[in-house]
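Here the chain labels run A, B, C and D in written order, and each chain numbers its own residues starting at 1.
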Amino acid sequence: MSFKELKREVYEANMELVTRDLVIYTFGNVSQIDRDKGVVAIKPSGVAYENLTADDIVIVDLENNIVEGTMRPSSDTKTHTYLYRQWQHIGGITHTHSTYATAWAQAQQPIPCLGTTHADYVFDTIPCTAVIRNDQIERDYEEETGVQITDCFIDRDVNESPMVIVAGHAPFTWGKDAAKSVYHAALLEEIARMAYLTKTLNPQIGDLKQEIMDKHYQRKNGKNAYYGQS
Amino acid sequence: MSFKELKREVYEANMELVTRDLVIYTFGNVSQIDRDKGVVAIKPSGVAYENLTADDIVIVDLENNIVEGTMRPSSDTKTHTYLYRQWQHIGGITHTHSTYATAWAQAQQPIPCLGTTHADYVFDTIPCTAVIRNDQIERDYEEETGVQITDCFIDRDVNESPMVIVAGHAPFTWGKDAAKSVYHAALLEEIARMAYLTKTLNPQIGDLKQEIMDKHYQRKNGKNAYYGQS
Amino acid sequence: MSFKELKREVYEANMELVTRDLVIYTFGNVSQIDRDKGVVAIKPSGVAYENLTADDIVIVDLENNIVEGTMRPSSDTKTHTYLYRQWQHIGGITHTHSTYATAWAQAQQPIPCLGTTHADYVFDTIPCTAVIRNDQIERDYEEETGVQITDCFIDRDVNESPMVIVAGHAPFTWGKDAAKSVYHAALLEEIARMAYLTKTLNPQIGDLKQEIMDKHYQRKNGKNAYYGQS
Amino acid sequence: MSFKELKREVYEANMELVTRDLVIYTFGNVSQIDRDKGVVAIKPSGVAYENLTADDIVIVDLENNIVEGTMRPSSDTKTHTYLYRQWQHIGGITHTHSTYATAWAQAQQPIPCLGTTHADYVFDTIPCTAVIRNDQIERDYEEETGVQITDCFIDRDVNESPMVIVAGHAPFTWGKDAAKSVYHAALLEEIARMAYLTKTLNPQIGDLKQEIMDKHYQRKNGKNAYYGQS
């Protein structure tokens, strides 16, 4: 894929955040990696979506050096490149401050699996990171945000949850490319909204039982999946 | 009705879910039966609404065999056909994961009748199924979802509530045709939203008294109904 | 005003309910009285807004007899005519099942005055009627809904609150004409929404103090009002 | 800047309130000062946004005398001019009754800093004024609303929070010009909404720790800020 095509895809994925009501003003950013070239295309920092063009998308290498572009890349770039370095299988990352997912992040609670809408996309809870430590803030805040995220998957398969909420901050989601990571950001927001409503309606409700989680996750994502068109 | 007309009606009913903000992406599905021909037209599995065409609608028989269509039918097809086999008087079925109705399903509580908006369309509570048993999940998950639903009406007239919520899952609604089942899905979402707000505002509030339920249900649905144009 | 003009105004006021997101499908109705002619123009019963035309508006006299029109008038017509007979100064009435106002009606609680948004339009609480008695339901349900409403104003000046919520049912609002009653319906919905959020955030919060209520109500509605253009 | 240009900017900032869903009907008002000329342009009182034109904007001096315009200025004009007189560095002021910010004002609670969305724009809590005293209401209600606001900043740098909520009333925000004050009004509404959801989900959650507040506020607003384009 040419830089031009890569920037076009990342531009369109960023604009999809507006269409899906996941961002206002300059909130959020989407990136996509070209593993062959070792470069990441990402939204420039602090540019409002209504002014964004495909040419504004910045290309950096995995050490955060600008390869192409005249603008400064997203201030969250180091979080993105850290995740791309750690997780070889992901191709796109989305960060938003979408309302309900951010409320769960601010409540500093993982999102419990309360129903099949959740179970269709994520196996078990959507993890919430620990609160960032002071030494992490001092060392390299944005890269350490990546560490906060990967720490949630030390004992857990990252493929089971293409999404996480960062405590006191907001969500990050990923996928095979930029578009898929935005898709997961939109699903997370809807799952978070349903979970908020469920918990405020019935605070005692427990998690969905394991067998339903298994069934829904497997029929859509397992090796004998029968959801969708093959 | 020709297959072409049947598919057109089912296509339009599915698209109405988008217009009414009841679905995102590939969530939900609507079907309609042609009792004379013994066939059901239903949304294909995992196709996003923005890509859906009337030609994509799949026609199956009541044993879930494809009669016409090149795509795989909805993964919930067996739930639909089970209900059509059990309830001879219904002509259309809608399944959504609409936000507030799903929150009640996740809270695993029937929706109490708290006001006349509810009483105009449903007599008494909107039932919530029992949680599906493990033996049901293992046997035939989708058909057993149908059993979960009909079990709610063993001691209750199905005509009194053209809607149900499946515990830990989401709502199903029905009617004389596909369009009417979508209408009931939209009403359910609004009733569920009002009930959520009422219960979070005043958790102690009890059900509407029986005499008002009777009056509203009968003036709209009884044999001496005087609501609407005759 | 000719019948044609009266029907046009009532039609437009009804359609404004859709524009302001206060109704779905066939919910709600708006009427306006011509005091000189002794007639009331009102929405026909059970007609969806997308199909409504100005010609469909029905004209009845104050005893609910059809004066002009081929359709059956709103099933709530007797509530409207009762209020017009009791309150000589009002010219228009709106009934909706708008979401937040209906939630308060279902919670069977008056809406407390918690801030100046409320105090600008209504002096003190927005009353909630008593639950309708069984003898009222049996006698004449719709006319008795009018009695429920006027009973709220036995010890209170009706001009201080151009709106009421009917317990277990939904709101009614009024004004000098149909358009003004719709305006009050939209304000009520926003006031009800703010009050819901306030009370769920801080259940202990008391009413706004009397002196601010006075100030805001008087600067907008008193004889020395200085809000707006003279 | 000519009066014509000033009025155009203030008109556009007022209309942005509608675009951002921060006002209905006649709610709210935006102003901008021309410090060289010593004049303030402000929305006229009680004019609905759909009828507003740039020519309707009223120009007053800092003692609230009309300099240009045929309409009566906003009834809140004295609050605006008081703030402009007290705070020499601000250039624009917005007042709305936006839903979630007003709910916090009605709950009479400052908005706690629960996450980085808040910390990006405001350092520490968003202050809530004391309830206005009776002697203030009697003396000069609108000017005293300004005093309520400046009293929140006696021990606090006004630059740390370009926004405040007035107890029992609604928010005021400010910035270098009218457009920036509207931007802060929209951010406040979103921050207030997230904080509402967080607190109703987890009432025990405490404020974000100081070190994250510092980091986010400084990376965006400090002297070594690296967010955005330089």
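Rule of thumb we're sticking to: a residue touches a chain if its C-beta (ideal position, glycine included) is under 8 Å from a C-beta of that chain, and two chains touch if they have at least 3 such contacts.
Here's who's who by UniProt: A, B, C, D = L-ribulose-5-phosphate 4-epimerase.
What you see is a predicted model, and the numbers here were worked out from it, not measured in a lab.
Considering every other chain in turn, none proves to be in contact with both subunit A and subunit D.
Because subunit B and subunit C carry the same sequence, their contact can be compared by residue number, and under half of the numbers here are used by both.
The mean-CA centres of subunit B and subunit C are about 33 angstrom from one another, to the nearest whole unit. Note on chain placement: the centre of subunit A and the centre of subunit C lie 46 Å apart, centres being C-alpha means.
The set of subunit C residues that touch two or more partner chains comprises 200. The touch graph of these protein chains is a ring, one cycle where each chain has exactly two neighbours.
Pairs of chains meeting the touch criterion: A-B, A-D, B-C, C-D. Touching subunit D in their complex are the following residues of subunit C: 114-117, 183, 186-187, 190, 193-195, 197-198, 200-202, 205, 208-209, 211-212, 215, 219, 226-230. Taken together, the subunit B residues at the contact with subunit A in this complex read 24-27, 44-47, 71-72, 75, 97, 99-100, 102-109, 131-132, 134, 137, 141, 168-170, 196, 199-200.
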